[in-house]
Amino acid sequence: MARPRWLGTAAIYAVLTLLSIVWLVPVMTVVMTAVRPFAEIREGWWNLAGASLTLDNFGRAWQEAGLAGKTMNSLIITGFSVASTVAVGALAAYAFTRMRFRGRGLLYFLLITTMIVPVQIILIPLLPWFRALGFSEGSWQPFLGMVLVHTGFGLGWAVFMLGGFFASVPRELTEAGQVDGAGHLDEFRRIVLPLALPGIVSFAIIDFVFVWNDLLLGLTLLDQEHQPLTVGIANLQSAHLARQDVISAGALLAILPPLVLFVVLNRFYVRGLFAGSVK
Amino acid sequence: MARQPFGRKAVTAATIALTLVLAACSGGNGASTAPAGSAAALSGEIRVVHAWAGAEGDAFKQVVAGFSTANPGVKVTLVQVPFDDLNSQMIQQFSAGSPPDVVSVLPGLIHTLAKQDLLMPLDDVWDKWVSDSEYSASIRTIGSYSGHAYGVFFKGNVNALIWHRNDVLQQLGISDPSSWSDFTAALDKIKSGGKYAPFAVGAKDVWVPTQWSDAFLAKVAGADKFNGLIDGSVKWDDPDVVKAFQTFSDFVKSYFPSNALDIGFTDANCEWASQKKAVFQNQGAFVNLTTPANCGKDLDPKKDYTFFEMPAPNPAFSDVHFVSGDLFAVAKATKNPSAAKAFAEYLGSADAQAIWAKLGGFIAPNAKTDPSVYPTDNDRKAAKLFSQGTAVYDLDDAIGGQVQTVEREELKKLIQTHDVNAFIKAMVDASSGAGG
Amino acid sequence: MQQAGRARAVPYLFLLPALAAFALFYLWPALNTILSSFFRWSVLSPWTVVDPGRWQFVGLGNYLEVLGDGRFWNAVRNTLIWLVIFPIVTTAFSLAVAVLVWETARAARIFRTVFVLPMTVSLTAAGVLWALVYNPDFGALSAAIGVVGLDGARLDLGPLHLRLGEWLSDVGSLSLGITQIPLVNLTVIAPAFWALTGFGVISFTAGLTALNPELVEAARVEGANAFQVVRHIVVPSLRPAMVIVAVVFVIYALRTFDVVWVTTNGGPGTDTEVVAIPPCCSAG
C-alpha cells in the first residue's frame, strides 16, 4: 500500500535542501561581498575564477563604525530590553489570560495597539519627552531610557504572543476568583511559566532581533556614546562611494550575536525540555 | 521668541519623582572644565554634525584638526549621521530644542530652519568675505534667507560634467564636442557602433536623475528660469521649463540604457570606468575621486579619464554652470556661540578648504584658494568652471521639503514613461500644495 | 471583605509595571500625536500641549486633506497588495517549512537555522543585500534568469505583463480593469517574505514542540500516512500559533515601511509607496 517511509523522507530532504539553497543565496551574496574585493563581485560573486580573499573589509568596518563600543551598547540595550519586556509582558499576559477584572478589554485593546502603530508616528513627541525625563544625558540614563522605550513598544507583542502561549497551558489549578494573590504568583511561576517556556523563548528571540535591529530609535534618541551597532553600520553608507563591501562585513559581524543566541536556544527547542512534562 | 517644546516646565507631576531620582544620579557629566586661557582665546565644547563616511570622513577630520591646532581650547566633537537620515535627524533635533552647534546642511534645510529663526545669521562674516572677494555675492545668496546669510559654503562641486575614459574616446574617434549637435552626433555614432552604450546612468539613487534634469533646465531654460523655480516666481508649467524637460525626456528616450533605474551611482561609475560597457557618465566633479575608490585603485585620474562639460542645447546658456555642494550653518541655540561661529568661519576660509582640496575630489568654493593645491588637472579644470560665468545651485537641494521628494520620485517616473505632461502636472500640484 | 478587596487588586498589581511603561513611553506620545492631528503645525514648530498660544485648530482639516489626495489612495492600493499577498504567502510557506523541518528530526537544527538566519539581518544590511541580489549587472537573480534564457524577457499573459530584468523599477503590471497593479510591489515584498519566514518557522516550531509525540505515534500505528497526520493532528494543534503568526504578518503588512524604504524609496514615481511612509522621512 503506502510507499516506503524512506522515499518520503528523501523527498522532504530534497525539498528542504533546495529551499535552503534559495534562502542562502542572499546570505552568500553578503559573505562573498565581505570577503572578496568588490571589483570581483562586479563580475558576479559566484564567479570563482581567480578569486582572491581579503579580510580588509572587516577591519575597516570594525574601526570605522566603532563596532567595539557599539556592540557593547547594543548588547546592553538589547539584553535589558528583552529581559524587561519578557518579565513585564509575562506578568501582564498572565493577568489577561487568567484573571477577570474591570477594564480588562479596554486595557488589552490599548496595549495591542502598540503593535499596529509604527514607531515613527510617535517619534516627534517622543524625542522632547525623552529629554524632559532626563534620559538624553548621562552615562547610564540613556540606556535606561532606551530600555524603557523598547519595553513600552514591545509590550503589545509580548502580551499578544505570550498570552497566546499561556492560553494553551491547561488550567489545572485556577478556578476563576478562587485563588488569592499568592496562589496566582505561585501558579504563574510553577505551572504557566515552565509550560509556556518554548513560547517565551520564541518571543524572546523575536524581541531580541527586533531590538537588536532597531535603527530609528537608536539614531534619534541616543547620543554618539550610547548608539547601537545599527547606527554604526548605517554610518558606513556613502552617497558617492561603493560601500557594499564594508557594510556587508559590518552586517556579518552584527548578525553574530543574534545568531549565536538562536543556535544556543535552538538546541533547547529540539531537545524538548518539556517532553517529560507532557508525558 | 524662544521655542521650548516640552521644556523643563512641561514635565508633568507624574514624572517628577522619576526626574528627581535621575537628577540626583547624573552628577559626573557636567560642563567641561577647560583651563581659563587668555580672554581672547576660545574655549569650551562644540558638537559638529556631518554625514561623510570613509575617505571623505577622514578628509573632514583633517580639516577639523586644523581648527583644533589653531584653537586648542575648543573641543570639537564630530558626530557622523547616516547621509540618508541627515535631514530628518536635524529637523528632529532642532524641533526638540537640542540641535548641534554647527551642522552640515543643504540650502533647502537652511531656508526651512532660518524661517523658524533657528540659525545664527553670519552676515558680518559674509560681508568681509565678499569685500575681500573670497566669495561672489551670488554664492552668498545660496545659503541666505530673507536677506540674511546663514550658510557657509564649505565643499563645492560642479555638475553636468560628461566623464569618460580617454582610451575609449580615442578608439571611437570622438573628440570633445563643442556644440549640442556635435554631442548628439557622437552619441548616435556610439549607439550605431553597438559596442558600447552611450551612457551609464545610476538613477536608482534618487539624486542622480536630478543631476540630469538640472543640467537640462540650466542649459535649456537658463539661469533666471532656474532660480525662479527655486524662489517660486516661475511656475513648473512655464513654457521654457516644459521645453527643458521635453528635451531631457527625448534625450532619455534616445540615449539612456534600459537598466538606468536599476543600478545606483557607484555601479554606473564603474560601467564606464572599469567595465567598459558604456562610454559616458553625466556627473559631478567628485567623480574624479570616487572612480579609483569604486572601480579599482589602478585607475589614474591623471591619465585614464577626464570630462568635458555638457554642451548647452540652447547655445544662449553655454555659460550657465550647474553647481552644488555642502554648506554648514550654526544653530542659534548654541551654548558656545563664539566658538561655533569661529568654526563656521574657519570652514569657509581658503586655509581650511585647501586641506581637503589637496586630498582630491573637492572644489574649494573660496576663490582665494590656491589652484596649485589641487592634485590633478581634472580637479583644477572643474574648480575653474565653478567660479566662471553664471552659477545655478542644485534645484531640488535648494527647494527641499515635499517638492524635492516629489521631484525625485517623479523624475524616475519620467525616465520610465517619458511622459512630460504627467511630470509637469505632478510638479505643479506639489509646488502649489506646499505651504510650509 | 478585606481579602476580597486584596484579591481584586491582584490583577492590577500584575499589570502595574506594564501599564507604567506603556503610559509613559507610548500612550503619552501617542496621545500627543493624535491631538496634534487636529491642529496645523510643522515638524520644526511642532504642536505642544503646553503652548496653547500657538494652537491653530483645524478640526478634521488634516484628515480631509489626506483623503482628498490621490497619492494617499495610491498608497492605500499598494498597502492592500501587501495585505493580500504577504500574510497569506508567508504564513502558508513558513507553516510548510516548519512541518517539513519537524519531520527531518536529524537535520532539523541546520534547516531551521537557515530559515531563521535572515531575521537577524538589520535593515541597512538588508537594503544593501537586496540591491545586490536585484542588480541587473551582477545580481544573482538576473544571472539565474539568464541561465534559462529569460533575462530581459517580455511576456504577455492576458492581463499580466511581465518584464524580467528590471527588478526594482518595472517588472511589469497586472491590469485589473479599475487599476494597473505595478508588479514591482512583489519584488519589494520578496525581501520581507525572505526575512520574516523565520518568524513563522520559530512560532510554528514552538507549537510543534508542545505537540504530544504519543498522539502522532498512535495515529501512525493506526495506519495514517504522513499527510493525514499533518492534516488531522499537526495542523489543528498549530491553530493558536497560526493565529499569532497570521496576525503578526497582517500587522507587519499594514505598517510596512522599512523594506520599501531601503529597496525603492517608494518609487519609481509612487509605484511602491505605502501608507505608513511617515512625514519624517519624505524629507529625504
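We call the chains A, B and C, going by the order they appear; numbering starts again at 1 in every chain.
By definition in this document, contacts are C-beta pairs under 8 Å (C-beta built on N, C-alpha and C of every residue); 3 or more make two chains touch, one makes a residue touch a chain.
All values derive from a computational prediction rather than experimental measurement.
A.B. asks: Chains as vertices, touching pairs as edges: which of line, ring, star, complete or other describes this one?
C.D. replies: complete
A.B. asks: With respect to inter-chain C-beta contacts, which pair, A-C or A-B, contains the greater number?
C.D. replies: Between the chain pairs A-C and A-B, A-C carries more contacts.
A.B. asks: Which whole number of Å gives the spacing of the CA centres of chain A and chain B?
C.D. replies: Between these chains, centre-to-centre, one finds 37 Å.
A.B. asks: Centre to centre, by mean C-alpha position, how many angstrom separate chain A and chain C?
C.D. replies: Centres of chain A and chain C (C-alpha means) sit 15 Å apart.
A.B. asks: What residues in chain B touch two or more of the other chains?
C.D. replies: As it turns out, chain B has residues touching two or more other chains at 5-7, 10, 15, 82, 92, 95, 267, 275.
A.B. asks: What parts of chain C, by residue number, touch at least two of the other chains?
C.D. replies: Touching at least two other chains: 24, 43, 46, 48, 124, 131, 137, 280-281.
A.B. asks: Mark out which residues of chain A touch at least two other chains, giving numbers and ranges.
C.D. replies: 42, 123-125, 128-129, 133, 234, 237, in rising order.
A.B. asks: Note which residues of chain C are touching chain B in the complex, please.
C.D. replies: Where chain C meets chain B, its residues are 24, 42-46, 48-51, 124, 131, 134-137, 152, 165-170, 265-271, 280-284.
A.B. asks: Under the touch definition given earlier, write down the residues of chain C that touch chain A in their complex.
C.D. replies: Interface residues on chain C, with respect to chain A: 3, 6-15, 17-19, 21-22, 24-30, 32-33, 36, 43, 46, 48, 97, 100-101, 103-104, 107-109, 111-125, 128-133, 137-138, 140, 143, 194, 197, 199, 202-203, 205-206, 209-210, 212-214, 225-226, 240-241, 243-244, 247-248, 251, 254-255, 257, 276, 278, 280-281.
A.B. asks: Which chain B residues qualify as touching chain C in the complex?
C.D. replies: 3, 5-7, 9-10, 14-15, 82, 87-88, 91-92, 94-95, 112-113, 115-116, 118, 204, 206, 258-259, 261-264, 267, 271, 275, 277, 400-402, 404-405, 408-410, 412-413, 415-416, 436
A.B. asks: Can you list the chain A residues touching chain B in their complex?
C.D. replies: The contact residues of chain A facing chain B are 38-39, 42, 64, 123-125, 127-129, 131-139, 141, 219-220, 224, 231, 234-243, 246.
A.B. asks: For a test of understanding, state which residues of chain B touch chain A in their complex under the given definition.
C.D. replies: These residues of chain B touch chain A: 5-8, 10-11, 15, 18-19, 22-23, 25-26, 28-29, 52-57, 77, 79-85, 89, 92-93, 95-98, 205, 207, 265-267, 269-270, 274-275, 286, 290, 293-296.
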